[in-house]
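In the two assemblies presented below, chain A is common to both, partnered first by chain B and then by chain C.
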Partner chain A sequence: MRRWQVVIGSCFVLGFVTAAIAGPLVAPHDPYRVDLARALAPPSPQFLLGTDTLGRDIVSRLAWGARVAFVVSTVPVIVALGIGLAAGVVAGYAGGLLDYGIMRILDVWLAFPTILLALGLAAALGPGLRTALIAMMVVNAPPLIRLVRGLVLAAKEHAYVEAARSLGASTPRVLVRHMLVNIVSPVIVYTTLQTGRNVILAASLSFLGLGIQPPAADWGVMLSEGRSVIALAPAVATIPGLAIFLVTLGFNLVGDGMRDILDPLMRS
Partner chain B sequence: MYVFVWRRLVGTALVLLGVSVVVFLMIKLIPGDPAATLLGPQGTPEEVRQLRAAMGLDRPVAIQYLRWLERAVHGDLGTSTSLAQPVTSLVFTSFRNTALLGAASIVVAILAGIPAGILSATRPGSVFDVIGMLVALFLNSMPSFWLGLLLILSGSVWLRIFPVGGMVSIRGPSGPGDLLAHLVLPTISLSAWSVGIIARISRSSMLEVIGLAYVRTARSKGLAERLVIYRHALRNALLPVVTVISLQAGTLLGGAIVTEAIFAWPGLGLLMYNAIGARDLPVILGGILVMSAVFVVVNAIVDVLYVVIDPRVRLG
Partner chain C sequence: MRGLRFTRRRFVARGLTTMAGIWSSAIGERAGAAPAPIAGGTLVIGSEGQHQTLDPHVLTGTVTLHITSLIYENLITQDMTHPELKYVPLAPGVAESWTVSGDGTVYTFRIRSGVRFHDGTPLDAAAVKANFDRALDPSSPFYYPPAKGNLNFIMRWVDRVDAPNPATFIVRLKQPFPSLPEELADRRMGLISPTALRKAGNTDIGAHPVGSGPFRFGSKSTDNTITVDRNPAYWGTKPYLDRIIFRPYPDPTALGAALQTGEVDVVFTLTVDQLTTLSKDPNIQIQYTDLANVFFWMLNTRNGPTTSKQVRQALNYAINRRAISNELLKGSVRPCGGPAPVGNPVYEPALLPYDYNPAKAKALLAAAKVPLPLELVVMLPTSGAELTDAPAVGTVMQQELRDVGVNVAFERMEWAAFLAKAIKGLDDRTAALYTGWDTGTQDPYWFETMFSSASAPPNGPNRAWYSNSMVDQLLAKARHELNATQRITTYRKAVAIIADDAPWIFIYQDRWPRAIRTKVHGFVSVPCPYVDMTKVWLAK
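So, the complex of A and B:
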């Protein structure tokens, strides 16, 4: 069951990555070409999913949107992972006042509902792709710092760390060669799940008008633009939403399945 | 016990103070000089300097923060730039409607999520379990704005059972029935994510408790399975679920912005959504401050309630 879950989820994720890389190359039309004469055209051999309110090809916009979604979902979480590993290891391993200080700052950071923190930053900095990336990094980092710190604190007590240290290993060596490899699996699982959540978060910011701006070929923007014609041409808004759902589902299937496979307690 | 409660209260006050610092820093992040913006292109440098002094912008940031905090505590969060009304009254009048939608959603999330999780856990591997958990995972992968649109499409446009949006009908019958009809779709949309997460946590928590020695003891002394599950296991299994439920307050408050925007539900979320469109920063930041404060306070209350429901916290 778990293995199938990971396999199916991986197919979705792989499809997403392929679309992000190859989509714009094979897109049949220019995603920005406006032609009001063919607005809201139904699906046809020329426009497989029809056209949107401005007569732009939906398939082409979806394909370009995949690349945007890939960037906004992965870049923030990768940067946050770097910050999380650095700050989390320092806090967990050093302990004391430094740890206390970092944890109290995190208390405040985590007191904000995620979307609100991202929204406030995006509103203050002005909308756009750069702002969306910054806002998402800021909300991605704190949970990762807390996760890594907790894992390091637990790992510190293990005999293998004591053994490595008594063999004369330096602190960086203990951290990287011994501890990091042991805490890496929960971190990978968390990062996978967060990437899926980021697809939704980025689309939410676009939808609210704070992320990527029209006329960009972004799934959130497409959905927001299609809202006004939902009764007339439901596909315009619902298809980008379906894309967001499938990508997030893919990451959730992989992350969830991996968690159960990697957790020895669940393996029985 | 009192020490724990006292400590939690002090901690909450400090976090609230921290939240206010972050919101203040967001105001400071806004590019441009507020005084120059206010005066417009006609303002001479001398006038800008005078206004800056009058607004206290020439003072150190720490002093500016304290003054801002003093005003905020006295209920002055500034004036809306798009609606020309005090932010505080706008936020508080609309918050009532958000609280109604949020309360309805949390009730639905609990009533749907916990039974689904418990039933799945008591029949692991069954058709019910597999389908239930798949649905839960689907709910946790759906963007709420998409689900909202699908609900409008199916419930309002095609089936014509529910109103498309708003809170009361302009024409036709009004009253509790009408309010309820308007409440159904936004509540489903807002609670979906929470239903999924509560179901999944209930299931894993129940599975863990069923494996514990005291449950085996209850079974081996010949108790009926129903009694074992609902009298013995359920109480302990629900403890982690309570924490997750209290965290849903944040999800629901944040999610309200998107959901209220889609269903035109006249709450704090819709107020903030319109403020985003109008670049009305006092309303946006005031809304964030109030929502985050509510979230912190709700979590503190649940933490203190924990002392009542779990004796181990009280004694340990």
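So, the complex of A and C:
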């Protein structure tokens, strides 16, 4: 059962990654080519999913949008993972005042609503890809720091850590060779799920005009542009919406499935 | 002229008609005999965005002026019963007649007798003077600086005003200003009861509005819905309607939906999508008002490549206005390849010289010897109640300009941020800003506001620093010209030079479609955003 879930999810994720890498190379049209004469064309052999309000090919925009979505969903989570591991391990292992300090900062940090934060950043830096990436890193990092710290705190008490220490292992060695490998599974699961959530978050920011800006081929931008003709040509907004849905679903299935597989307690 | 208002597609118009036959043929609805008007009923109007204070002297934008124009009256008003004319003629309002001195500097108004404000106090010359004092005389107890700022388009030419007796009101000008009657019909010049003003105070009068109009203020609910009720003591033609409710909607989509469900009867703002959808609804008719307005990119004439006239002309030839109007905006706008739109008395086809000609654009760019591709930074408003089509139109223009070798990078800004920056004028790194404006009334005086070098920021809205001494001279001359024909001729000369100089990329004129449920009668299509609600009635 779990395997099916992972297999299906992986198919979606793989499709997404393939589209991100190869999509722009095989896209049949220029995703930015405006031609009002063919606006809102229905699906045809030339335009497989039709065209949008400005006559741009939806398939091509979708393909280019996959690359954008891939970058904005993975880059922030990778950076956040680095920050999370570093800060989380330090806080968890060192404990004491340092731990207390980091955790209180996180409390404040986590209290900020994501959109408000992005709004502030957009006001300061101007909306755009950079702003979206920074906003998402800022949002992605705190939960990872907390997660890692919690795992380290728990692992610290295990007998194998004590054994390694009493055998004279240095702190870095204990951390990397003994603890990190033992906490890595939940972290992988979390980052997988977060990548899926990031696809939605990035699209939301673009949709609100805080992230990637039109006329970029971005799923959130496509959704936002399609919204104005939702009654006339529902496909223009629903197709990118469907793409966001499938990719997020894919990551969720993979993440959930992996948690069940990797977590010994969940194994039946 | 209605000062500089940046706006977008919206607004509406007027109703009216003395002879029922005129309007039914004009609107092109319902053939056959026009039904007789029925008195009574409540009309519900959907407003886009929030209502502001009901003090006309400090208002801008037509959303709230729609309401105040029912409560307050002007010295001079507009006769909105002539859809066959391309303009809206003036008509006596509170002033039943007026005369001008031979040198054009003294206007004497005869105030209609027996007009009373809703609070029962008389509307006489002294009351009119109190209203002028509000914007004119710092020593008056009514003086209110925000009103002075907002009404400066008139008051800057006024030396002083007198009320020698209750029936006579005199305006003395610093210099001839033949546009005065037209400007006095601006809805911001509504007359407030001085008694009410004294009681409520300058800042609070908007919450307790007292005028003399055909409707009086009823109530304002916590959700900012405003009702006005028929004024049974009105001196003129009394309205058919018992009551009008103005209900605000924050989002244009919600507004369109409210119209379709019958929650509201009239909507003054339509998106292109709604226009297409609603025009298929048998219970709704779409009416175009065609008031004078232009949407454009102001080009930086002080710095950068757009200082070259050839470059500016090239940009104008690169734009396919017909495709933008007919295909992107579905006929809700019409191409406008010059500064003088239809509805302005200066308008003639020769003053709209620019059409789609990419080959000519390329040739002009080559002749200008600028490095290609040309890189331009353009400020583009993306949100808010104004210019909702700007991002889409901008994307199309970006493509068209790229085709002739001009790369446009948009600096996208939410409306408030856009306006805050635009008002300072274009900085040296910005080549253009995208905006539009309507002129409300049709006087050509506004050309001076937009194109005179004296009107550059911070003094006015000439935000791209256009300056041509010949144009300045002609516009100043036209402003004082007392002979009406000569005046128009002089304006045309100035406008022809402006068109040739191409300080803007002229794009389109919004036709201001509005949607009305078919049970509502009496809306007449004339080029004015407002409606004569005394002529509007509801079928059972």
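The working rule: the second predicted complex is superposed on the first by the 265 of 268 C-alpha atoms of A that agree within 3 Å, B and C clash if a C-alpha of one lies under 4 Å from a C-alpha of the other, contacts with A are read in each partner's own complex, and residues count from 1 in each chain.
Just so it is clear, a contact is a pair of C-beta atoms (placed from the backbone, for glycine too) under 8 Å apart; a residue touches a chain by one contact, two chains touch by 3 or more.
Quick caveat, the model's predicted, so the values are computed rather than measured.
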item: Touching partner for A:L54 - first (chain B), second (chain C), both, neither; value: second
item: Partner chain in contact with A:A37 - chain B first, chain C second, else both or neither; value: second
item: Partner chain in contact with A:I230 - chain B first, chain C second, else both or neither; value: both
item: First, second, both or neither for A:G196, with chain B first and chain C second; value: first
item: First (chain B), second (chain C), both or neither touched by A:A124; value: first
item: Chain B or chain C, by number of chain A residues touched; value: B
item: First, second, both or neither for A:G209, with chain B first and chain C second; value: both
item: Contact residues of chain A, present in both the chain B and the chain C interface; value: 126, 209, 230-231
item: Residue ranges of chain B in contact with chain A within the complex; value: 11, 14-15, 18-19, 21-23, 26-27, 29-31, 130, 137-138, 140-146, 149-150, 152-153, 157, 250-251, 253-255, 257-258, 261-262, 272-273, 276-277, 281, 284-285, 288, 291-292, 295-296
item: Chain A residues within the chain B interface of the complex; value: 1, 104-105, 107-109, 111-117, 119-121, 123-126, 196, 200, 203-204, 207-210, 223, 227, 230-231, 234, 237-238, 241-242, 244-245, 248-249, 252-253, 256
item: Of all residues in chain A, those that touch chain C in their complex; value: 32-34, 36-37, 39, 53-54, 126-127, 209, 213-215, 225, 228-232
item: Chain A-touching residues of chain C, taken from the complex the two chains share; value: 271-273, 276-277, 320, 323-324, 327-328, 382-383, 388, 391-392, 395-396, 398-400, 410-412, 414
